[in-house]
Amino acid sequence: MLNWTIEKIAAFLGGEIVGSRDLTISGLAKINEAKPGEITFLANPKYVKFAAETNASAIIVGKEFEASDKTVIKVQDPYLAFMTLAKEWADKDPHVDPGIHPTAVIAPDVTLGANVRIGPHVVIGKNSRIGANSILHAGVVIGDHVTIGRDCLIYPRVSIREYCRIGDRVILQNGAVIGSDGFGYAFHEGQYHKIPQTGIVTLEDDVEIGANTTIDRAALGETRIARGCKIDNLVQIAHNVQVDDHSAIAAQVGISGSTQVGKYVRIGGQAGFVGHIKIGDKAIVGAQAGVTKGIPENAFYSGYPARENMKAKREEASLARLPELLKTFRRLAARVEALESRLAEQKPHRSDSDEEHT
Amino acid sequence: MLNWTIEKIAAFLGGEIVGSRDLTISGLAKINEAKPGEITFLANPKYVKFAAETNASAIIVGKEFEASDKTVIKVQDPYLAFMTLAKEWADKDPHVDPGIHPTAVIAPDVTLGANVRIGPHVVIGKNSRIGANSILHAGVVIGDHVTIGRDCLIYPRVSIREYCRIGDRVILQNGAVIGSDGFGYAFHEGQYHKIPQTGIVTLEDDVEIGANTTIDRAALGETRIARGCKIDNLVQIAHNVQVDDHSAIAAQVGISGSTQVGKYVRIGGQAGFVGHIKIGDKAIVGAQAGVTKGIPENAFYSGYPARENMKAKREEASLARLPELLKTFRRLAARVEALESRLAEQKPHRSDSDEEHT
Amino acid sequence: MLNWTIEKIAAFLGGEIVGSRDLTISGLAKINEAKPGEITFLANPKYVKFAAETNASAIIVGKEFEASDKTVIKVQDPYLAFMTLAKEWADKDPHVDPGIHPTAVIAPDVTLGANVRIGPHVVIGKNSRIGANSILHAGVVIGDHVTIGRDCLIYPRVSIREYCRIGDRVILQNGAVIGSDGFGYAFHEGQYHKIPQTGIVTLEDDVEIGANTTIDRAALGETRIARGCKIDNLVQIAHNVQVDDHSAIAAQVGISGSTQVGKYVRIGGQAGFVGHIKIGDKAIVGAQAGVTKGIPENAFYSGYPARENMKAKREEASLARLPELLKTFRRLAARVEALESRLAEQKPHRSDSDEEHT
């Protein structure tokens, strides 16, 4: 059971206490879920109203925050401070015993770095290398000729296929598949013929891959997820896709073959991309977007087919008015017809001028 | 080989036979797929025509069903009766031997209830508890400090991460992941920093989770699937999501962080939800809907962005008429222009009154 | 390290060399990615411009290809020739040792064909059969009473449930689940009651299933993927679905219960299908389509709800013009109103004829 005094927390965060110093904290929680004895934080001005309502015993706030009934700790960046505290208090048990579990099956020529932890029933194929301090949980299957860097965390039941390369500090959540065959066939004489998928997958340093996400090996060359990218659960990355540094991809996104995603791109959940297109740096793609062509740098695209977000929103708003427009249109057409009849009736009176002008 | 007389079936179901009693039944099937010797059922009036055409030897029908050439068994609720029979006849082999397979790796302080069955290569981490009669199939990986209730059925290759809590009679289909880290990062100085995901997942009693579905642990607190919920395959449930009692979620749905789904909600396949919204009790969400804001109780929403279903359908129908409208509009504009020209021509005749009014 | 002379390659492919014969080739690559020393191919006329720019040392081209600076090998079908070469040069290591790994758990009455390879920690249930030359990678779990044909390739962590039937030359990518329970419940007195899923899954000859794809067993009868079908990653196939010969289904598609997909159908990524509909032979379904009713043979459907592709595209194009239409419409309505006012002013001059006609 955690028990830090508010003074110990303030000292740890380098913050200033305003309010009662006679407090012991037993946990942390979000502002609207916290219970007495817990500390929370306030970073988003949208949540200021919760500062009065929260059951938390203390709040980490920004320097500019005004007095409150609660004890607060004032810091530069409340979110970062809260996160630092969360990391300090987080579960530090690696949940895998040191060394190699006797049920693991490791090919004789595998190279293991210092302090590697290998859980029960792990399999590591021939000529593979695992860097120092990396942790492989129960049931992980590593193929032949795979390289895994230092300080990696590979959760239960991940599988990594032959020849793939994993950088340092990579985290793979449960059930992720790295290096399955790409979906490549030649249709010939009434059947599909499999095209050998002879490339690999490269995950660079600091990449995290979500649970049951699948990343296909390249047909030729490599499928590459560059350093710092974060990919959520159940995402599909097809063969030869390139995702550049520090991009973030939410759950259930699908990216088709050979598409290139730039740096610092953010992609919302369930978005889909056709193959062979290029998404510019810092582009944002909305959830469920259907991306059928390239997206320029810094653009925000959404909808199906994906288009500039303001344009998509304008069209959606217009669509909501379309049923009414159809009715109004019919009435307007009737009014025009009435006008035409009226003018037709006038004709006898102006038959001469009519002829003159036609 | 199954062989029940029609009289044994009628007695078992508490139903009344109309037609020949000289029948032995060897299996059950859907009305349009049944073969001679099989029994089927008729619950949906839409399928009445199949009653004459089916190859089944007997049909379970409602009390009000009128005579047929076939032997029928009349019951209160034909679907329920059929299901009762299906359960009675279903494969009752648990497909896991009694006791603990010698290849399972179980931490010394694990608590196992009576009659637990543990298959080959199962791993159970320290301080975990498995309730009586629960069955863990081959290759299941249970982390440290996990609690699993009684009468659970956990299929091959499921993994449950540290500290998660599973109720009684829970069924987890193959490859489901319970308790993977939520997708939480703080972007700071050009990179994403992982926020520790220190919460858990709670699955309450009678929940069923589909194959390769992923349910992320909370950042803080719990991700909760309440009692009686049924979740299909390849669904993504993000951190801190709450799904209330007896809701049903079809395949490939994605629910973003902290969204709350009410009781008795039904969600169609591939629908997606943004985070931090609330879906009211008994709401229905159509397949592929993109839900961008909260939904009231009892409402039926569909489309992208999700809106009241009748409104969405009306807009879709209007859209189908839009190409024609654009053409008709151009013609109408031309007619208005013609009218304007005509009136302009009249001007010379009415120059005095024109001046008067402009 | 691969080292074939260009003459050896030409002889192997039955092609004709035009250009320098003094070349040794060390690998193959796509035309825009090839490096010196590699051979590439040119099949798509769209890429002709790359023939001059490529860094490849040689190109496999069609008979009609005109002279180039590069050495070329002329063949009937450049793509097929390249693929033949790729197969010849592909990794032929099965990555599983011959025989049965000592950690595999195989029920005593299992039948194994000649030359079967079984990797570490594989589990095979009672009364199952594995055909000759089939390879089961590490961590595969095969249930009881399963039949697997000859020359199958089953990658790590696949699970196949009880009674399912797999044909010859079937490939299952990592983490695929064959035979999980279908999503079938009867709602009765406030709760869902599970309907036993007593059917099976049949995968016929030459089927390939992608990573983490899930194929549910039938409620009754079978879920059937017919011969030659190719299914990509993270696809959901519900209970009692039928997919006919040689259809191809891209990643993250979801097909609901009892839907029938014809022969030679092609389905784009993330498309979804309601249950109980029929998709005609050779139909094409666009990516992300939401298919709510049957599709005729040879049709190309797309969008949500899915409709004939040209119609969908026309409607999407119209939608892009709708915001402008709404503005123009308001202006037109104002012009009609102006015309009406003008005619109303004329009334006094024509009061007699007006009365006459109203």
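Worth pointing out:
Order of writing sets the chain letters: A, B and C. Residues in each chain are counted from 1.
As a working rule, contacts are C-beta pairs under 8 Å (C-beta built on N, C-alpha and C of every residue); 3 or more make two chains touch, one makes a residue touch a chain.
Everything numeric here is computed off the predicted structure, so don't read it as measured data.
Here subunit B and subunit C face each other with different sets of residues for the most part; under half of the interface numbers are shared between them. Seen as a C-alpha superposition, subunit A sits on subunit B after a turn of 120°, to the nearest 5. In terms of their C-alpha centroids, the spacing between subunit B and subunit C amounts to 24 Å.
Within subunit B, the positions touching two or more other chains are listed as 103, 121, 139, 157, 175, 212, 234, 252, 270, 304, 319, 322, 325, 329, 332, 336, 339, 343. Note for the complex: subunit A touches subunit C at residues 103, 105, 121, 123, 125, 139, 141, 143-144, 157, 159, 161-163, 175, 177, 180-181, 183, 185-186, 188, 190-196, 198, 212, 214, 216, 219-221, 234, 236, 238, 252, 254, 256, 270, 272, 274, 290, 304-305, 307, 311, 314-315, 317-319, 321-322, 325, 328-329, 332, 335-336, 339, 342-343, 345-346, 349.
Against subunit A, in their complex, subunit C makes its touches with residues 28-30, 33, 79-80, 83, 86-87, 89-91, 93, 95, 101, 103, 119-121, 137-139, 155-157, 171, 173-175, 206, 208, 210-212, 228, 230, 232-234, 246, 248, 250-252, 269-270, 287-288, 303-304, 316, 319-320, 322-323, 325-326, 329, 332-333, 336, 339-340, 343, 346, 350, 353, 357.
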